[in-house]
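A, B, C and D are the chain letters, set down in written order, and residue numbers restart from 1 in every chain.
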Amino acid sequence: MEKEQYQQLEQSVTPKPPYFKNAAKAFFVGGIICTIGQAVSLFYIIFFDFTEATAGNPTVSTMVFFAMILTGFGLYKRIGQFGGAGSAVPVTGFGNAVISAAIEHKSEGLVLGVGGNLFKLAGSVVLFGVVSAFFVALIKYILVTLGVVSW
Amino acid sequence: MVMTFVFAFIVGGIICVIGQLLMDVGNLTPAHTLSTLVVVGAILDGMGLYEPLIHFAGAGATVPITSFGNSLTHGALAEAEKHGLVGVLTGMFEVTSSGISAAIVFGFIGALIFKPKGNVD
Amino acid sequence: MVIVFQSKPSFLAGGVVAGPLEKRSVFSQYFDTIYDDERWKMETNEQGHRKMIQEACEILMKKSGVNNLEIDFFLGGDLVNQMTPTNFAARELAISFIGLFSACATSVSSVIVASLLTELGASNLSIAGASSQHNAIERQFRYPVNYGAQKPQTAQWTVTAAGFALIGKHREECPCIEAATIGKVIDYGMDDPFHMGAAMAPAAFQTIQSHLEQRNQQFYNYDLILTGDLGQLGLKLLKGMLVENGVKKEELTLLRDAGAEFYGQDEAFQSGASGAGCSAAVFFSYIIQQLRAGSYKRVLLVATGALLSPLSYQQGETIPCTAHAIEITMK
Amino acid sequence: MMLPIVVCMALLSGCTEKEKFIVYGPPQNEEEVEAVLKEEKFVERTTVIQYDDKMLVAVQFKPWDKWKKAKLEKKLQKKFDEKYPNKDVFVSADYKIFYEANKIKKDQLEDNKLTDKISELKKLAQEET
């Protein structure tokens, strides 16, 4: 059997991901996580000195804390298998990527293992976040200087 | 206040669906998907569109990873506005995202107290 | 290329240990020991992996009533970088050792080398086999075990198991190795590390075809043709290729896959089991016991291996695969 | 000692129920303030606290108008500044401010404490992330 012929066979046998089902599950799980985030946020607004504008930071940190607990007990990967992007896209997913790598590489020590591999999976998110922030600021600065837009 | 919860659910859900479609239809790995969304968040903030989304949906916009791009860009833009071109450069050293710091700290703590488990269910 | 063994070396015994999750395997009743701790009470997964190999070999020696001084060679491998678990286990076992790497096909390639050494007269008793430990392999090839990435339906689950066999001179009452085929490395351009079955199926196809051709045999001359870890989808693809090549549909019932059957129909494992330990555990427990019991007279075991590394697929390379086969008969 | 005039208004979206208007202290210009706020369709609920020459206007916008929160807040601030040039008006659409304003109303804070509390809230509202 030729390569091309085999690739055709492979295409016909391999099941397509259930797009709709996966999207629905992602919507549900992602929505729930964000709603929990909203509740945490409200908690900080009511019981501490945070406004709607400043409650974002403690909320995100708290969500990452929840991610640590769930990851440590091996529950986050079960949520991940069900929710797909629904649990990967919220910051809890970012936390899971960092924390799971940290736990995994503990066996190589705190410096070379945890330190060296902490951002093994999530490093690209930090990289592209910072770099794109730089370029967006630069472009906006140029546009403002040219008088195209204002701050 | 109830509506804020509803909007948080819907907007957060929609951002996750976009991520799922990038993974399923676009065939991207989770790392590629998250990187893409962060860049999208940064660009949206540059256009001044992310802040309104946060006002509208609260945690529905601050909890998804797109808010990383937003908060990093926000810091850089604020510096650029204050100090001009130099600010664009120095802004990079001042920008922070609480998610990143939290992940580092909790990652370290998690490594100290937990062991990797491989069970399926 | 086919090798026919004149002296017909025999499988004298098999030793298989598996991890806690493998209790759910349909083959679990044939395993010698199932351990409740996936790390074998060791600090790290890799140490647990080593301990598992040691334990399988010790059980094997105990079953056959021999000690390590009577064993001439230890042949085996695993999937961890530089095969440290097997190398370290060899240090503890203190037997002349060569590490072999054919990815998940190591279970059969090590038996082939052991049979050659026996045929040559250099070996009286050899241990051959392979193993894999889920956590150690996953973290190396894919993600940390606690990372919540969604696995597609095409993914396979790396088993935690070690399977070793004692190969010796021909004995009437034991299953013997008649012939073997060392496979070529086949690459049909598949590049998805979460769809290994599709990458490995063409290699299995080539090896089965050339073995049958050179041995002048037909599909129905075998009681069973068992592939290693193609998974449900890989098996489907292999069947598709065979049908295309003129094998009759009714003959395909003779073709089974250890990986596809390993965890039954449990959807938590997606397309089935994989890993070097998968084929080793099934071949050296279930198959040997069935042959001894007389349920099968002639089987062809085809272990498939995907020869990729995390580096190679990140650099955009496709996944080359190989398959090695041994033909085992029982009087 | 000047008793603070606390005016509280709860305008529910769409239907303005009269009984939702709770007025504390001698009513001065509370109807006028209410009318100013009612003019704007995007306002859902408000709590206004008046004392001395200061005024804290805590508003909550209708959900669909929250997009423009920053803009609308400014608009309202400007409107109040123009309408009451002699008064120090502070408008905030933040939920925290609204929540605290309601608490002030409920607890009936005393003069000196009120001044402190309000300047504290003002500082809070101006904090950036």
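Structural remarks
Rule of thumb we're sticking to: a contact is a pair of C-beta atoms (placed from the backbone, for glycine too) under 8 Å apart; a residue touches a chain by one contact, two chains touch by 3 or more.
Worth saying up front: this structure is predicted, and the values here are computed from it rather than measured.
Distance from the subunit A centre to the subunit B centre is 7 Å, each centre being the mean of its Cα atoms.
Taking each chain's centre as the average of its CA atoms, subunit A and subunit C sit 37 Å apart. For this pair, subunit C with subunit D, the centres built from the Cα atoms lie 74 Å apart. In whole angstrom, the spacing between the mean C-alpha positions of subunit A and subunit D is 38. Shown for subunit A are the residues in touch with two or more other chains, namely 17, 22, 42, 52, 56-57, 71-72, 74, 78, 83-85, 88, 93, 97, 99-101, 103-105, 121. Residue positions 1, 4, 23, 30, 55, 71, 116-117, 119, 121 of subunit B each touch two or more of the other chains.
In subunit D, the residues touching two or more other chains are 95, 128-129.
In terms of inter-chain touching, the protein chains here follow a pattern that is not a line, ring, star or complete graph. Interfaces, counted as pairs of touching chains, are A-B, A-C, A-D, B-C, B-D. By the touch criterion given at the top, residues 1, 4-5, 8-25, 30-35, 37-39, 41-43, 45-46, 54-55, 57-60, 62-69, 71-73, 75-77, 79-81, 84-85, 87-88, 91-92, 95, 97-104, 106-117, 119, 121 of subunit B touch subunit A in their complex.
Residues 20-21, 38, 45, 134-135, 138-139, 144-146, 149-150, 157, 160, 268-269 of subunit C are the ones touching subunit B in the complex.
Across the interface of their complex, subunit D is touched by residues 42, 45-46, 49-57 of subunit A. By the touch rule above, subunit D contacts subunit A in their complex via residues 94-97, 99, 124-125, 127-129.
Subunit A makes touch with subunit B in their complex at residues 17, 19, 22-23, 25-42, 52, 56-61, 63-65, 67-68, 71-74, 78, 83-86, 88-95, 97-106, 110, 114, 118, 121-122, 124-130, 132-134, 136-141, 151.
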